[in-house]
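Dropping the structures in below, format is structure tokens.
One chain, subunit A, links the two complexes that follow: it is found with subunit B in the first and with subunit C in the second.
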Partner chain A sequence: MTAADAAIAARRGRRATGELSPHALGVAMNLPTICLLLLVLAYPVAYAGYLSLHQVGIAQLRRGVFPWNNWANYTRLFEDPLFALALKNTIIFTLLVVVVEVILAIGIALLLNRASLWTSRLARLLILIPYGVPPITNGLIWSFMYSFQFGFLNRILFSLGLIDDPVNWAGNPDTALYAVAVAYIWRTLPFAVLIIHAALQGIPRELYEAATVDGANAWQRFRAITLPLLAPVIVVILVLRTSFAFAVFEEILAITQGGPGDATFVAAWYSYKLTFSPPNNIGMGAASAYVLAILVGLFAIAYVRLIYRRIG
Partner chain B sequence: MDVRTHRLDIASRRDVMLGLAAAGAGALLRPGEAFAQATGPWAVAPNSKVDKLNFVVWTYGDIYARISKQFEADWGVKVESTISSFNDHPTKLATMFAGGEKIDVSQSSPFSFPNFVSQGMVEPLDGLAGAADYAKDYSGFTKEVAVVDGKLMGLPYFAAIWVWNYNEEMLQKAGIAKPFSTYEEFIEHCVKAKKDGHSRYPVLWVAGVGLEQLPGTWYALTWNRGGTFFDKQGNHQLGPGSVAREALKWWANTFEKGLDIADPESLKVQFTTSAKVFGAGKNLYRGPNHHYGLNVANDKAQSSIAGKVKVHGFPGDGRTIGVAHVYFLSSAHRDKEWAWKLLQYLGGKTKDGQYTQAVNLAKDAMLGSGYNSVMQSDAIKTGWAPWGDVDAILKMWEKATYIGTVVPSLYQPWHFPWTDQLNIEVQKCLTGQITADQCCDNLIKGIADAKRKT
Partner chain C sequence: MEPRGLPRLLMHLGNGLVILFIMLPIVAVLVGSLQSERTLQGESRRVIPSEWTLDNFTVILTQGQQRGRIFEQATYLPDNIKSFYRAFANSLVVALGVTMLTVGFGALSAYTVARLRLRWALWLMQANVVARFLPAIVLMIPLYVVVRSLGQLNTLHAVILTETGFLLPYAIVILVPFFANIPVDLEDAARVDGCTRFQAFWRIVLPLSTSGLSACAVIMFIISWHELLIPLILNSRPEFMTLPVIVASLVGDVHVFFNLLMAICLLSLLPTVVLVALLQRYVVEGLSAGAVKG
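Showing the complex of A and B:
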């Protein structure tokens, strides 16, 4: 019996028993997920795109009738200097957060990877705590920490003799964005640590042993073995962390509300204010969110290309 | 905007009959309860039936739980509430409205109200039983907010005026005989208190981002000096040499880049939080803001200087600003008659003919009322007495002008986005990033942009 004959026989057998082909079965199994994703993800995204091209306020949204607005929302967006500033602040924030997170995550994960130490086992548990804190709660905690006269941070630094006068961390335009970044990194760092730690455990120990026999020192082992093998994971972290950092909102809401002045006005805060504060320009808010999404997409593509080209 | 002050004289025959009945009952009232009437439209059940009602408000203690309970007990209809923070309220309400949810009653600051009205979220009250009678009792502030283009659009929530506070104990320790009577004296006191080590930051301003927090401080300082932000024709008054610009220069000079006498916490605090911070006893003066902060600053449970915080009026002729907030009937209501019934429990009379909520707000939270009869009643005198000098505050009240006179733009939908910019620019000015001149120039440019956004 040839292979073709066998396939025909198998198909006949499935027909006889009412069984689906592997391909049809695969489609059937994926269909619920696809439908769900279309409903909860693709539809809102497409609807936001539709809104961004229309004049939409609260009353129009309730009635469901929107006048066509062409590209006016996008034109006005790019004319608004506050949007440009919000994008600039977002990019600074994202670069800072992502770079610091990746470096810290690699360092912490390397320490955690030393399974022989009981402290690393304890640290693996403790490192998860910030990740369990809801973002808005995290913002409020750090808001109290940063309080000018009553905050723990100033109190600790003062007690240690590191400052003579309290520092207005979140209220000073020069430090506010960094203050928010620290709060954000504290919450999101465990994610990166866990991913890198998992990847580290997948690197064969023989590679390190062989390199040691060849006379490689710790730094050389890290550069020649650890880093290249971590690269795919780092790409994932860069893409995910960049996407999330671009959309930072809760810490801004809880700590600075975009201030002082416009020092921490980021893109997501801009979209929120535009959409949810009177006069509720929902169309323009959707347009600003789309611009943000396109930027995140471009960053993601750039990361993937850059890292894989280097690996190649 | 003169239509705003048109007298509301449209009343149905039913209103007249009920009004006469109420007047008859009112004649039998005991002294001191001039605003309580036993019978009237508020005591009549609507003919229709509803399973439940709801309101969307911002938080204030447990007043809404209490009034909901009373409504349910009186009428047997369940009341659901959606309560958010003051700053989040417009967002919450707008989202619910846009999402097609049922909303019977809500509330608004005067800053959001023009937007709510223009977006069709507010149902006029004209013609509803007893509405015209309520309007006759409105104070001037309330009329300015609740009557829009001659239509009655809301019932009063509360009224407040801007006053100063000072720490009496610190003032005495600093050897200062009495609080300032001029702005020059204010600066002298602050500089002295700082120099002598009584306070590192002698003044705590209310300069946190908000609709009337930071803006309100600037408005009050400007109005007291004789200035406004827009004239009656809508022309801005922010140009070089304007009172508003000079007031901002003076104000900014109290911050770090100037005299460094202003508490940096000023840039974060809202009304209540500023009272709590002031209650820590580290500042000599608390900048002008709503009078009812005294009920926090003089509350032993919340303040280490309770009883030592005194109210103080503005310098010069003492002119200050005032504001009124309103409850309104949502156009997304379930049943108009029942929604009106619920609205009255929040902003009018309960079944027993009492202004229950207004009186409770006066007693529990030191809030002023939008009804003349409540303001003149013992509810204010006895209710406010534990926290401050009632007579002094009421005298300041007489010198208060509605905030819309100082900033007529607040009747316009574009005032809200312009205020967003104002918060940003003024905070930049107070933190020394831009000068007061740049700030005002930017705000002048921003007027056109805000208009375009709406």
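Showing the complex of A and C:
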């Protein structure tokens, strides 16, 4: 109880006014949230664990009986070369997206911070547009960009005279994953730029002026002032983007559907296909999603540790 | 410190590249949706078509009634394109419902985290932060089984409740810093004058946080407008599909060509892109609040 609380209590007697104790009020105000989180988050997570240990297909769904199958979902999962490939693709995709996005975001945020340039002000006005584009729409737009015969990218390159034959951006197994990554980066970059830009504006100008007086050049100022002060938000972006890119789904669905062949089969797509297309192996789908959740959960715990280090 | 000469030129160049990258897909969706299948296929090496047309939008917005010149001979139009208005209305109902519930429940919870100094409220907050990272697919598989066994597939309320549960942690994370920034003295003064804690929250904290609540509401609306996986898995009947589900259903339909696809893409991105443009300040505030403090 703080001094203010004590003063208030002393002035009018807490019980007499019928005010709830902080604990009771806290429970009352959190009741809707707790109920909903139990219903939509906690229970499904537990139930997914249950499903992942049982044989669940359409036939079992109809009968409502899920026989125990002795970890067979997991053993089959880890023996499936497609799952291993999906995990590998997911990791490549995530690493690529995170590294490129953080580097681009720092560079772009520094550019946008030059308020004296009219191009910077224009770019700052436009940078948030991709945030408004629905992920599935974004995927479909990029599938038009990449289309082998009719794509917009090839049209531009033809018009500029840069290519003589059309390039099959998303249809070539060697480039498909990168093509999806570019589409994904386009949609998610504004968030990273925005957060870094906000952090840049919080750095006092005097620091730079003092460093300049001391003879530091632009690179030295960046290394000694900007980067260390941006470090906390960069970590936030790293962890957030890693977790979300691990579960990339819409752009895969719209651009490649896991193809060509299985070049862009990622973890979330693997779980989705296994569960929701025939023969609907829901048990194994749940097992694969669980593995994904555990991988992402490790990042999440690291993130919370990082953020709440001071409080905890 | 103002850059001059070559550095200044390079910065303009960098900004130019950024603008080009941002605008390229937007230009593509515009140019693609404003031409016919004939020019798209016939002039496959030209950026700017020789003919422009609004027929793609006409056929979608009249639900296939007015086909216009370029669809005159078309015998097949996917049913989902014809149910555009229904999907738009469903998306609106879902997004508004989710926004109201997340902001309402989120504000109640965020206040307890920001003000009541309860150890378990802080745990709840940490659980929220972790929950934000759960991949949607993990929850959708069990939720599909549960919702199916309850006979609630193909309803809007199941989608609204599920999305609310998904987004509530993020809403709380966004709102906590806004509440924490309101001076405690104001509340204390009100309580000395006889307000209960809840009245202080209702009459002082909430009215003072309208910008935070708006920021949170805008972001919740945008994310729920964009959500695909939840309505895709829970609703398969056309009358309950949302706009992203309609868009997804056209993927792989060989009879729908890019001109019509880009038109429906443009229509589906317009509401939230306009929202982002008009309410940029709130989007920026909300995203920063939700990212920096946790």
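Throughout what follows, the second predicted complex is superposed on the first by the 265 of 312 C-alpha atoms of A that agree within 3 Å, B and C clash if a C-alpha of one lies under 4 Å from a C-alpha of the other, contacts with A are read in each partner's own complex, and residues count from 1 in each chain.
We adopt the following convention: a residue touches a chain if its C-beta (ideal position, glycine included) is under 8 Å from a C-beta of that chain, and two chains touch if they have at least 3 such contacts.
No experiment lies behind these values; they were computed from the predicted model shown.
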Partner chain(s) touched by A:L194 [first = subunit B, second = subunit C, both, neither]: second
Touched partner set for A:N172, first subunit B, second subunit C, both or neither: first
Touching partner for A:V233 - first (subunit B), second (subunit C), both, neither: second
Touching partner for A:P279 - first (subunit B), second (subunit C), both, neither: first
Partner chain(s) touched by A:G258 [first = subunit B, second = subunit C, both, neither]: first
Which superposed partner A:R62 touches (first subunit B, second subunit C, both, neither): first
Which of subunit B and subunit C A:Y290 touches, first, second, both or neither: second
Subunit A: partner with more touched residues, subunit B or subunit C: C
Which of subunit B and subunit C A:L51 touches, first, second, both or neither: second
Touched partner set for A:Q149, first subunit B, second subunit C, both or neither: both
Common ground on subunit A, meaning residues reached by subunit C in one complex and by subunit B in the other: 61, 147, 149-150, 257, 276, 282
List of subunit A residues in touch with subunit B within their complex: 57-59, 61-62, 76, 80, 82, 147-150, 168, 170-173, 257-262, 265, 273, 276-282, 284
Touching residues (chain side subunit C, partner subunit A) in the complex: 1-3, 8, 11-12, 14-16, 18-19, 21-29, 31-32, 40-41, 44-47, 104-106, 108-109, 111-112, 116-118, 120-122, 124, 126-139, 141-146, 148-149, 161-162, 164-166, 168-169, 172, 184-185, 188, 191-192, 194, 196-198, 222, 225-226, 228-229, 233, 243-244, 247-248, 250-252, 258, 261-262, 265, 268-269, 272-277, 280, 283-284, 287-288, 291-294
In the complex, subunit A residues that touch subunit C: 4, 7-8, 11-12, 17-20, 22-23, 25-26, 29-30, 32-34, 36-37, 39-41, 43-45, 47-48, 50-51, 56, 61, 64, 107-108, 111-112, 114, 116-117, 119-120, 122-123, 126-145, 147, 149-150, 152, 154-156, 158-159, 186, 191, 194-195, 198-199, 208-209, 212, 232-233, 236-237, 240, 243-244, 246-247, 249-250, 253-254, 257, 268, 271-272, 275-276, 282, 285-286, 289-290, 292-293, 296-297, 299-301, 303-304, 307-308, 311
For the subunit B and subunit A complex, residues of the former touching the latter: 90-91, 94-95, 97-100, 112, 115-116, 118-121, 209, 263-265, 267-268, 277, 280, 282, 332, 413-414, 416-417, 420-421, 423-425, 427-428, 430-431, 433, 449, 452-454
